[in-house]
Every structure is written in C-alpha cells, then in structure tokens.
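Two complexes come next, and they have one chain in common, chain A, joined by chain B in the first and chain C in the second.
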Partner chain A sequence: MAEAKSEYVLEVENLTVQLPEGLDRDKAIQNISFNIRPSEIVCVVGESGSGKSVTAQAVMGLLPSELKPVSGRASLEGEDTLAAGKARLRELRGTRMAMIFQEPMTALNPVARVGEQIGEMLEIHTDLPASERRKRAVEIMESVHLPEPERMVDTYPHQLSGGQRQRIMIAIALVLDPALLIADEPTTALDVTTQAQILKLIKEMQERRGTGVLFITHDFGVVAEIADRVVVMQNGCVVEQGLKDGILGSPRHSYTRMLMASVPSMTPPEREPVNGSHAVKTDLLCKRYGRAGWFGGGRVVLAARNVNLHVCKGETMGIVGESGSGKSTVARCIARLIEPTSGSIHLDKTEIATLPESKLREHRRKVQIVFQDPYRSLNPRRTIGSSLIEAPLNYGANKKKAIQDAYELLDLVGLPRDSMDRYPHQFSGGQRQRICIARALMVEPEFLIADEAVSALDVSVQAQVLKLLDTIRVRYNLAILFITHDLRVAAQICDRLVVMQNGIVVEQGPTREVYANPSHDYTRLLLAAAPGGNVDFGAGAASGKQMQITGG
Partner chain B sequence: MSDAASLSPGRQMVRLLLSHPSVLVGGALVLAICLIALMAPFLDTRDPNALSTSNRLKEPGYEGIMKVYTDEGRIKVPVVFRLGSDSLGRDIYSRVIYGSRVSLVVGITVASLAIAIGMIIGLVAGYVRWLDGIIMRIMDGLMAIPAILLAIAVVSVFNAGLTSVIIAIVVPEVPRVVRLVRSIVLSIREEPYVEAAITAGTRLPLLLVRHVLPNTVAPLIVQGTFIVASAIILEAILSFLGLGIPADEIPTWGNIMGTARENFQLHPHQIFYPGIILAVTVLAVNMLGDGLRDTLDPRFAKRM
Partner chain C sequence: MGLYLLKRLLATIPVMLFVAVFIFLLLRLTPGDPAAMLAGDYATDAQIEEIRQKLGLTEPLLKQFIIWFFNTIQGDLGESFYFKKQVTDLIAARLEPTLSLSIVTILLTVSIAVPMGVIAAYRQGSWTDRLLMGFSALGFSVPVFVIGFALVYVFAIKLDWLPVQGYKRISGGLLPWITYLILPSLALSVIFIAFIARMTRTSVLEVLGEDYIRTARAKGQTESKVLVRHALRNAAVPIVTVIGFAFAILIGGVVVTESVFNIPGLGLLTVEAVLNRDFPAIQAVVLLFSLVYVLINLVIDLTYTLLDPRIRY
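Take a look at the complex of A and B:
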C-alpha cells in the first residue's frame, strides 16, 4: 500500500524476540502485531513478565544483547528499525522516536543542569548555536508547564520534584518533535495527584503535536484515563486488542476479563462497623526527623504531627496519603522500629511509646509487619522454615511445635509444605508476600501492620493477597493497619480510613463515608486524581461483593 | 525446581568460585607457598642461621665444606649452597625457604586480627549511633598517617620481634576494615528483613550475628586477602630497614634482602631470590583476592 507510510507512525508485524536458553519460556515476545496512527495513544497493558517493556525496547533498538529479534518488522514511518544500523538508530532516536521511563531521577543525569540535558538533544541532532539551543530549551520547558522556565533551565535534577523531573523527561523526549513517543510506565513512581497532571500533560502534548504514543502500563485506571486503543499482553503474546471502549466495556478474552475483575473498584462496599475493643490507640503522636546541626542550619522535618488514631480488634484501618505524608512513619512508630518524639501509643492498654528496649520485647510479639518489597523482606541466606520459626523460638517456643505451626500456616497462606526447606529466591513476589504474612502470624499477633504490602504486586496477585489478609483478619480477630497509596485497594479492604497529608491527619471516618462525602479538600483532590476513578472495570461491582464475603 | 536452584546460596558460591581462573591459579600458588613453609625442614634445607666463616659470599651452586659440632666432636661435612651464601656464610636457599614461614604467619595473623578487631569496631560504629562519630574520626586520624610511618612508630615503642611487627602492621590496617564493615552495617540495618527480625523479638547480639554479619563475610574475605598481601610487603619493608625481625634470630625475606644490600653490587643474586619469591607470593595472594572479589561480590568490585 502506498498510503501505508503516511497512515501509521508505527507498524509492528509478527515481531518475535528470542530469550536466552534455560528460562521458563523461550520467547520474550511472540508474533506481536499492532499499529499506531499519528495523534493516537495506544496502551499496552499486562502484568510483569508479559513482554511489554521488551516490545518497547525492540522498537527503540535498545534490547539487551542477550535478547535477539528473530522475526517480524517494526517500521517507524515505513522504516524498519530492526534492520537499521547503529548510526541510523541513533539518528532516529530523538528525532523520530523518543522514550520516557518510569524513574525520572535515574533517567536524568544528576550532574548536568536540566537545560543542558534538553540542549544535548539539539546539539547532537541539529546545528543550532548554543544560544538558540537554550532558547529552545526554555520554550519546550514552558510548553510542558514548568514554572519559571528561565530560572529552572539552570537547575540540577535533585532540586526538582518527581513530577517536575518527569516533565523534564517529556521535554527532552519531545524537543525534536518525534513522530513516536514511547512511555514505559511513566507515572508508576509518581504520586496520584502528580500522576494525574503528567497524564494530562502527555495527552495535551500528543494532541498538540500529533505524536503517536505507545504507552506501557499495568494500571487499568491509567488506561481508562488516557488510551485511544488498548493492546493486552500475556506471557509475550497479544491476547486482545481494540478500541478502549470495546476492551474495557466488553473484553472478549478470558485473561483480559480476569485482569479487569482483579482491579479493585473505587466504590467501597457496604461494611458492618466493627465494635471491638481498641487494639491500638495513639494520642498526639509526633515524630521529628533530623536535628539542628552542630554549627546551626540543621534540617528538621515533622513527619507526623499530633496523630490520633485507633484500630479495633477485627478491624482493618487504612492510612492513605501520598509519599511523604507520614503514613509509614506512624506505622513504624507503633511497631517501635523508630522512637516517637512525643505522644503516646497504647497497645492493649500498655503505654509503649516510651518503653525502653528491654521491656519492649514482650510487646513486640503483639505487633507484626508485612513490608512493601517482598524481595527484601526475607533474609536471602535463610530458608523459609528458619525465617518462619525465628520469632516463636525467640519467645521460647518449642522447636517441634514451631515447625508444626509453620506447616499449618503455610497451608493457610496456600503454599506447599516443602517450601520450608527452600530459599526466598525460589519464590515469586506474591508467594514471598504470603510467606511474610505467614511469618507475621507465627507469633499470634494482635495487631498486623501491612505497609504497602500489595503495592509491588500484579493486580491478579494483589487480589489474592488482599483476600488472604481479609481471611486472617476474620480468623484471628486481628486488628490490621493497612497503609497504601492506592485508593482502589483502600476502598475494598478498609473498614475505616485515615487520610494523611504532610504528617497531619486531615480526615478520618468509615471508608464508605469518606469516599462518598469527603470533608477535606485534600481528600477530594486525591479522589479526583485517582486514574479512571469513574470506571468500574466490568466486573468491578462483582469483585466488590467477592471481597465482602469474608467480612460477613 | 532445577538442581542448581535448590542448592543453598553458599554451595552455589563454591561452584562459582571454582570456575574462576584467577581464583584457581592464585589459590594454587598460595597453597604451594603454604606447603613450602610447612615442609621447610624436609626440603633439603639446613639450619638457616648456621654461620660458616669459610663459606662467605659464595655464588649459587657452590660446593663447600662446613664444620658441624656433634656428640662425637667437630666433623666436616660437604654442603651445597644452592642459591649461594651471604656475608656470614649462611645458606640463602635455606633462609629463603624458612623466610616464607614468617611472611605467611605475619600475613595471616595480621589479616585475622585486623578483621576481628575491625569487625567489632565497625559493628559498634554502625549500630551505636552516638559512638559512630567518635570512632570514625579516630579511624580517619589513623588513616591519615602513612601505614609505614605508623608501623615504624609502633615498632620503636616495643622491642623488635615478631609480635611487635604484627601489632605494628595491624594498627594501620584496622581502619580500612572498620570503614568497610560500618558501611555494610549501615545499609543492611535498613533492610526490611532486619526490621522484620526486630519485630520478631530477636535480641541485638543474635540479630547482628544472624542477619547482619553474614552480609559482611564475602567483602571481608576479599578485603582479608588484600590485607595479607599488604602485611607481607610491610613486614618485608620493616625487616629490610632493620626495624623488624632481627636477621640473626629469624630469617625473613625482608631481612635477607637487608643483609644483602651491602653486597648488592658484587652479589646481586642475594637480593634477587628473596625478592622474586616475595613478588610471586604477593602477586598470588592478590590474584586470589581479585578472583574472590569478582565472584563473591560484584558490587564491591566497582567500589574499589
């Protein structure tokens, strides 16, 4: 077709990339085909390991050397990038296609001014003089809505916020007006309000410049927010693709349906209020970080200010807020991993905020934590079994009994009993998180803190772990403090909710009430910023009921 | 689950190690030198301190007569000076072979002591926050003085001898170990699994031994080999300058070369042989260390 060249920015046809031998599958991606038109945003969604990023790297010619494209084409405005030589690829990158990444801090050079980094693109690909390059840098910074571009052009990346850095990345990517922009999870590391702004910016830039965007994400909320068309990937294959409304409204493939059913709904289900006795109660809890320096000028941060909250037995209390809001600080104070600066913490009627370490030990058993990063929360050198029985042995349990308990808890969290003799590296993220939950339960705690415990997991795994948490809450009449930045997850699992901003509790109440009638501006802002907030992915209502079963 | 994956991390490491060429070559050479030191009396050597006025300053391979006192009185025995003799008629071959003992003893003792002391101080500095500043400023102070000067100062306080030499070399090596251990402790104590152990009620000593210390083993083994090499060199320097172990008590590579210095222009081989074996030993230890570093701790390789 003669028109083919003008019709699509990117045509990917039967692209297959081989993996090195000895892995769990032999192709990273297999027979992938999709197209992107100018001014169109195509979202590639899938869970980790589905081959989304490999697809992007193959198109950009950035595949690691162990991965080889073995067949297919990826043509950028009619030119096959897989066949292009190194020099040609370098020319194309920047001028015709550009990429932005998940972590804007590591993607920017920390020792170069941001203006220089934008100018570098112009320096490499154009003959513009230095003064002109600077002018263009300021212009593009203005168009991505950075404040005071004239001044900011001379700042270093560490002086900017995460959102501003991502704007700089977008400015670098777009300064030469590429036909194709590849965005690999560009908002995953950002706070929800910043995410909303960046999504809006990408949409605005793409509409104004007619850029085709390949947007890689795991988040269906983002898809609902930004996509024109959607490509769903699983295990390196495209299982379904089509217009956004078609895919989100009536998914045909069972995997798509499963994925979307796993996305928690933004509408909190009806929940019986829990009227247990207080397991944990904090009064005017404060935590100050840093201190005045020896020669003055020390930096002091109030990470938590006068926090009053309580969690009842058998209740899941959520703390939501953006990064730096102090939600983890509160949790770590309650677990006494850090010392509160002032205020009191009552754990089952004992004041533990000021207890010295020697007397604290008997109370540690009652508070257990499940951490965010499943890859770092188990000692890689110790078998699962020895990690599980560590705490009971510390409290003088009989070893045989502890091992027996460990087997039973492995059954409860749904892992085979032979996991006991294996090492953490032999398990997936979701499995490790189950192990961590089992470890926390070994000492029969009264209070469980889940610090972003499902944030690092894929949605389908996330749904399973949430269900497990709810099961153990009911079974052990456990008080759970659930910390998350994800409002969808919070809506489904929490009985009550505390909203924090800059170390202050701005609002608290029953989850349903907070979502329906937020009283504080910040809560309203958070709720409005949640991507795809108004969409309840097909099975949304159904999954809401599903989560509820265990509550009743 | 495949066979390799079910091995403990320790076993996998051993497999990986044995596949690294510089570990194999360096390790074999170090082993050979250890064997030489152990087997010294059986390698056709004589008393390395036996003087023979009639056989002074002989060339390698010289066949002479030596007077030996036995129960039956003074007898004359034929002897071969494989690597020649020094200015007091002592057999250089025997002295070089026996000298390996001192070098290895100094190297290994210094490394063990420096690591043991450095590990304890490093753990304290990494875990007890208020002591950290004080300890690290002292360590900075020690590191600011060149190792050889510090060693000379320490030796001149005590009497010259094996013990004082070892102490003299341990002192400048300790701060390096402290820094290494402290930096590892500081990063590991933030790991969620360490925090999980705290909430599990693990007491501090056990916490350190079980969850923190294992992370220092690989870097410390690597650092240990470099300490061995630098201790061997430092000992040789001290002995060469006449500040270390006296030449008439125990032969060391350093004091053999020190004695030979006066006759260097006429008899360069007297310095040449101990010099060669010293160089080979240090090279072998360093090769082993490099190999261990590459396999045990790739991140450490970038830090050096």
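Take a look at the complex of A and C:
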C-alpha cells in the first residue's frame, strides 16, 4: 500500500514498452508521461498503432506476454502497478482500477447471466453472500439506467442491445468504485445515438463518484464531447498534451493538426446535382426475415419495408441509419446476395428482384461490393494478383488482359505494381481497402456498393480512401451506393442521402438539404447525436485558424 | 422445446425402419445358413431342411419380414436360434456389463482428458503441452487390443494387482465390480482420452483469445477460475459433442474389448450371434445399437441448450 496519497489517480512516468524483435519498430511505446487527477477525463487520441491501447494494458498489467515494460512507472494512487506482483495486481484490478472495452458484443461472457458477471466482481474482491451480491448488482444496474434491473439481472448478454451491454460493462467496472476507470474505445462499436448516451453515462458516473478516467479514442468528435485534457500519441510517443480547448483550438504539433484536418466536416460541401439516367431503382422493396412458427411462435422481422430509392449513373447515394435500420439489407437485396420478399429492383433496365439463380451470374458482374473489414475480405492465402484476376477469369477474360488491367487498377488506387505478387498481410488496412476497391473494379461493374467501407479505417486513411472513391466515380461514371453510420463521412462523399429507420426510408434528398433542413425527427436526432457535432475540425484545422466552438 | 423433442422423437421412426430393413436383408443375402450351423457337421440334408422349417426360414422373405417386424414393434424380438432363449431376456442379461464398461470408460475418459486439454491449452507451446500432446498422439496410434494385452500383462500377470479377465455383477459389491472393470475401461479409454484431450485443447485455445477472457482478467479473476468458469464453459459445446459421439462409438465398439477381457456383455453376444448366424439376436442387437446412437445424438443436442443460452430449439 502506498503511504503518501498522491494528488493524482494515475501518474505515468517515462513508460517504455518493448516490442518483440523483427517488427517495424522496437518500442510499442516510448517515454510516455501523463497523469490523471480524480474527477478528470483524460483522452488519449491517436491512430491505430500509436500505442494508446498498449499504454492502457500496461497500466492494468494486462499486456500480452510478448510485450515487456522495460522502464518507467505507472503509479495508481502512488503505487507502481508495473512493480506489483501478480496477486497484488489481481487485487488492484476491479477495486482501484477497472476497464471497459470497445466491443460490448464480445467483452461479456456469452454463457453467463449478466447479474452473475457483475456479481463476479464482488465475489472476487469481497466476502458478500450471494443474495447481497445480487442486490448490489441490481443497484448498480439501476444507477447505469438499465430498465427493469430486477428482471434484466437474470438475462444473458445476447438478449441485450449493444448499448445495454456496454452499460453492463460500465456497471461491472464501477461496482467497486475504482479510483481509475480505463475506457478503451468504449463507444466505437456503437451507433451514434447510443454513443451519445454512453458518453453521457460515463460522464455522469465519473462526476458522481469522482473517478479519474483514462479514455482512449481515435475520434476527435468524442474528444470534443467528453475530455478535460487530451494526450495525442503517434507511433508510440506522446507528441502533444494539454487542456481540451487548447489542443482542439490551437494544436501545435503538425500530427495533431493533420489528424484534425482529416476529420470530415459535418457541413456537406456544395455539389453539382447529378442528372444521369438511373443505374439502380427499387420500387416498394421489402425483405422479411424469419417466418411464423407453427403455433405463432416464430419471429418475423421486416428488415426493409416499401423502400423506394434510385441511384443515378455517376452519383454517390448514401444510406445512413443505425444498426438494424435495414441499410445493409437493401444493399444485399440489390446485389441479390439475399432474395427480396417483394417489390422490384431495376438495374439499368433489367428487373433483378425476381431473377432466378441461373441468370444471376451476369448480374453479379455488374454489381460489386466493397466490405467494411479489409482484414477479412481478402483471402489471406492468395496473392493480390490472383485475387484481382479471379473474377475476370471467371467471366472468361483473357489472362494476359486481366493481368494488364490489374496493373492499371493498382496504378489507379495508388499501389505499387509489385503488390501483385504479395499477400494481404503485407499491407496496412488502408492499402487493403484500396486493393478491395481495385478488385471490385476489375470486372467493370455498373454499380458499386460500399458497405461501411471506410468505417474500420483511421481518419487520415479514411480521407484518402474517400478521395479515391470519388475519383473512380467520376472516371467510370459509376453509380455508388454508400452505406455508413458515420454522418461526417456521409456529409463529405454523398450527393444524395437516404435516411433509414427500422426498415423504412424516413427521409431522402440532396445531402446539403438533409443536413441543413432535416425534415424528419429521426434525422434530427441522428444529426444531434454525432459527437462533437458543433466542432468543425476539418475546416478549422485546415485553414490553421482558431477553431470555432459554438454552444456547449 | 417440447415440440422440438416430439419432432426429433418422431424422426427416429424412419431411421429405425431403414435400419430394420437393411439388417434384415443383409443377413439373408450374405452366405451362411443358420440351420446348417445348428444341425452340426454330421447332419443330413433332410435334418437341415427340418430345422429350417422349424425356424420359419422356408417362408417367403416378405412374409418373414412382416412377421418379424410386427413382433418387434410389439416388443417381441423372437427366440434366439442358437441360445434357445427369448432375445429380450438375452439382451437384458448382457446389458449390465456393457453399460458398466461404457459408463466407467466415459467417466474415466472425461476426468482425464478434459483437465489434460485445458492444461495443455493454458501452457500452449510449453514442455507440458508437448508432453501431453505427445502422449495423445501415441494413444491415438496404438490399437485397443494391444493396449489391452499390455495392461493385462503388466497389471494382472506380472504385478498380480488386478484380475486378468471376466466380470462381476454390481449386485455382488462395488469393489469387485470396479476391480474387474479397471483394466478394460483403461484400455478402451486411451484412444478417447487422446481424442478428447486434443479437442479440448483446441476449443479452449480458441476461446482464450476472446474478449471476455480479457474482461475476466481485468476483473482481477484468478487464472484457474478464468480457465474453468470462462474458458471451459464457453468451449464446452464442441467438447460435449465429441464426448457424446465417443459414448455412442463406445457402446458399439465394445466388441473387441469384451472379447479381449472376456466380459459377457452385448459385444460378446454380438460376436457369438454372428458366428452362429443367429438372425434374431443379430437383428435385435443391431437395432438396439442404432436406437442408442440416435438417442445419444438427441441428448447431445439437448445438452447444447444447457451449455449455451444462445442455442434454443
């Protein structure tokens, strides 16, 4: 136990963590120093690979065994956690420091009741009997504003929504009132409206309990929303730290400025309306999942209800909405990966909604998809070249010609020609997404679906990929259906926008109009929920001027 | 759930029907005449024909089948040609040794294989892991009868700790019962230990990379509880599947072990029945084995719902 209580909850001093040999750099983090006071939220921002998660894991003593802290201290209320033994660390975890994670879908044990999982914390660290543990679980669930905690305490994680699960995680973390809460991208996997609620909850809990919070994020919107102070990390080093208004208002380091300039603005730019012919048009498109059971026991979900939309040639049309709104369902129907229940889909002049399986082959060529996760959408055992030429060869193209096309597309997406003989793992996320785009273009599609295609990418990379998509749209006069939950991205890339909620199109129109004068309540809700919505990073940082912060 | 159970039970009917037809035809189409076997080496053709008539083997195939089929669904499996007893009685007498052997074997297997697999997964890449997996590879590659004879040689003949062969009924006391079962169960379990330990290791390894394992560690949970409560419970579905299959294979596969250890169970009955072309006995044993197989599969599927709340029928 530390005798002298420090004024800080957490003091990280010159922390360095060694990486195993043979990687692109030898330190995961180098000479990191920062501190957190009680009741203070410190945001650590940076792109993937900046070392922000390693920092958090080092403090918790949860580093994978290949990563070794080699110097420095991490004092939790005066006690160095790096020097603590395994048993002591276990005592500290949960009682004095606790952690919540990015993926609420996977961070909870799927086969244990949520009440048990909260109670486990009490079981490990206290002598409370089972009945008392349950009572405390219900209490903490109530304080994180979960509905009907008495009933929910006996549910399993899969019965709860993403936001509810994250509330359970927060309840687990806070049930023993730790001095330090480490939140590792806790809202990244959530919908905007849920994100806004969880951010509010973290803030509320932290204020009420005086917890110091180490909040890791890549999202400047979230920083603007929640931070007291900001630490910016790049390649394992702290490049800049200070009060939020200082960092956001006048960033000194070029990396910080670049990061902020890459955050897409919430204000859509002026765009020429596209007046091409319709590449795709849906009429009263419906998709129903599930079917009624024998005795009415079946569950039926109407994932798309009477969806009418069209995309013109040379136009990027966005679909925005939360998870479960039906945006991906519509895209999958158009690609005929799934069969629509009713309604019609015209691709150019062909009706494809009812096209039989045998005639789908030609259709598949015309519609191509770029998926969200570039790490999983390329076959890891095939070279980039063989992935690229696979589709054209399937459609009977000449191999020489296909290889020539592949080289040209690699030029177009900005990758070196020798990428052809390399494997996916040798590329970064952004590069892989470029490869996926090139792969989609290989068969000269008429219609491209980008399903959350930039959501998994860092902001700086995101900006480049968005630019690339815009370039190919103009060059091939391509119709693009751009699905996203990110309103900042949608603002920048889409000519027109469709807003979906529960399978219904609630609003559509030119992007600028939708943002300026949203006509539906749900659209207004979405726009208001976008974190840091009142801060225009892109515009402010790019011009190098003082950032304009309006309102709160 | 109730509806599901009903559907599954109804689905066993066509399976059993198919097995019944198949085994009935198979026996009549393979060479070997039960009447000739019963009559012995010095019987005249007339004597054999007489026996054949008595057994009802001179009737047309379809008629034979229909008689057998309707008797069977009424619970009458007929009289054994060779043992001259009701087949139902025969099976009832042989059921206990086989069940004892199978259950003791599966308990032994699970209590050794699962901890082995969990430890190997936790210490992945270490010497412990390599040793355990090496043993498992060995266990996999040695046939049951070799292991059986080796065990008998060492523990029964050389050390004289355990009986060489035979079976004592459980009604005669727990101790003699188990002393007679130890060697055969051990011999039989080796291959299943090898298999289930590997399976456990793989499933646990996969689960150990999951986010909720990290969550459990972040709560300050001890490693042993992380392994059992969080990892093993989530890895249980594939493990239980192979345990169930192992049990089914065991019951069907006791033939060899029962022969080696001379245990008067269903396995030995099968061997004797086949050697003597005892049609009613063979048909009954095969039907029984397939029924057990189908039911074990059903039990496995129902166990899933207990292990994983996300699985509902």
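Everything below uses one rule, namely that the second predicted complex is superposed on the first by the 526 of 552 C-alpha atoms of A that agree within 3 Å, B and C clash if a C-alpha of one lies under 4 Å from a C-alpha of the other, contacts with A are read in each partner's own complex, and residues count from 1 in each chain.
Definition applied: contacts are C-beta pairs under 8 Å (C-beta built on N, C-alpha and C of every residue); 3 or more make two chains touch, one makes a residue touch a chain.
Everything quoted here is computed from the prediction, not taken from an experiment.
Using the contact criterion defined above for the overlaid structures, shared-chain residue A:Met121 touches chain C, although it does not reach chain B.
When both complexes are overlaid on chain A, the residue A:Glu79 reaches neither chain B nor chain C. In the superposition on chain A, A:Ala335 makes contact with chain B only, while chain C stays out of contact range. With both structures placed on the common chain, the touch criterion links A:Glu513 to neither chain B nor chain C. Look at A:Glu142: by the touch rule set out above, it reaches neither chain B nor chain C. When the two structures are aligned on the shared chain, A:Glu13 is found in touch with neither chain B nor chain C.
When the shared chain is aligned, no partner comes close enough to touch A:Asp348: not chain B, not chain C. Touched by chain B in one complex and by chain C in the other is not one residue of chain A. The touching residues of chain C, counted against chain A in their complex, run 3, 210-212, 214-222, 229-230, 233-234, 307-310. The touching residues of chain B, when paired with chain A in their complex, are 1, 5-6, 8-10, 191-193, 195-203, 206, 210-211, 214. Every residue of chain A that touches chain C in the complex is listed here, in rising order: 60, 62, 89-95, 98-99, 101, 103, 106-112, 120-121, 124-125, 156, 158, 169, 172, 294-295.
For chain A in complex with chain B, the residues that touch the partner chain are 335, 337, 361, 364-365, 367-369, 371-373, 376-383, 390-391, 394-395, 422-423, 425-426, 436, 439, 443.
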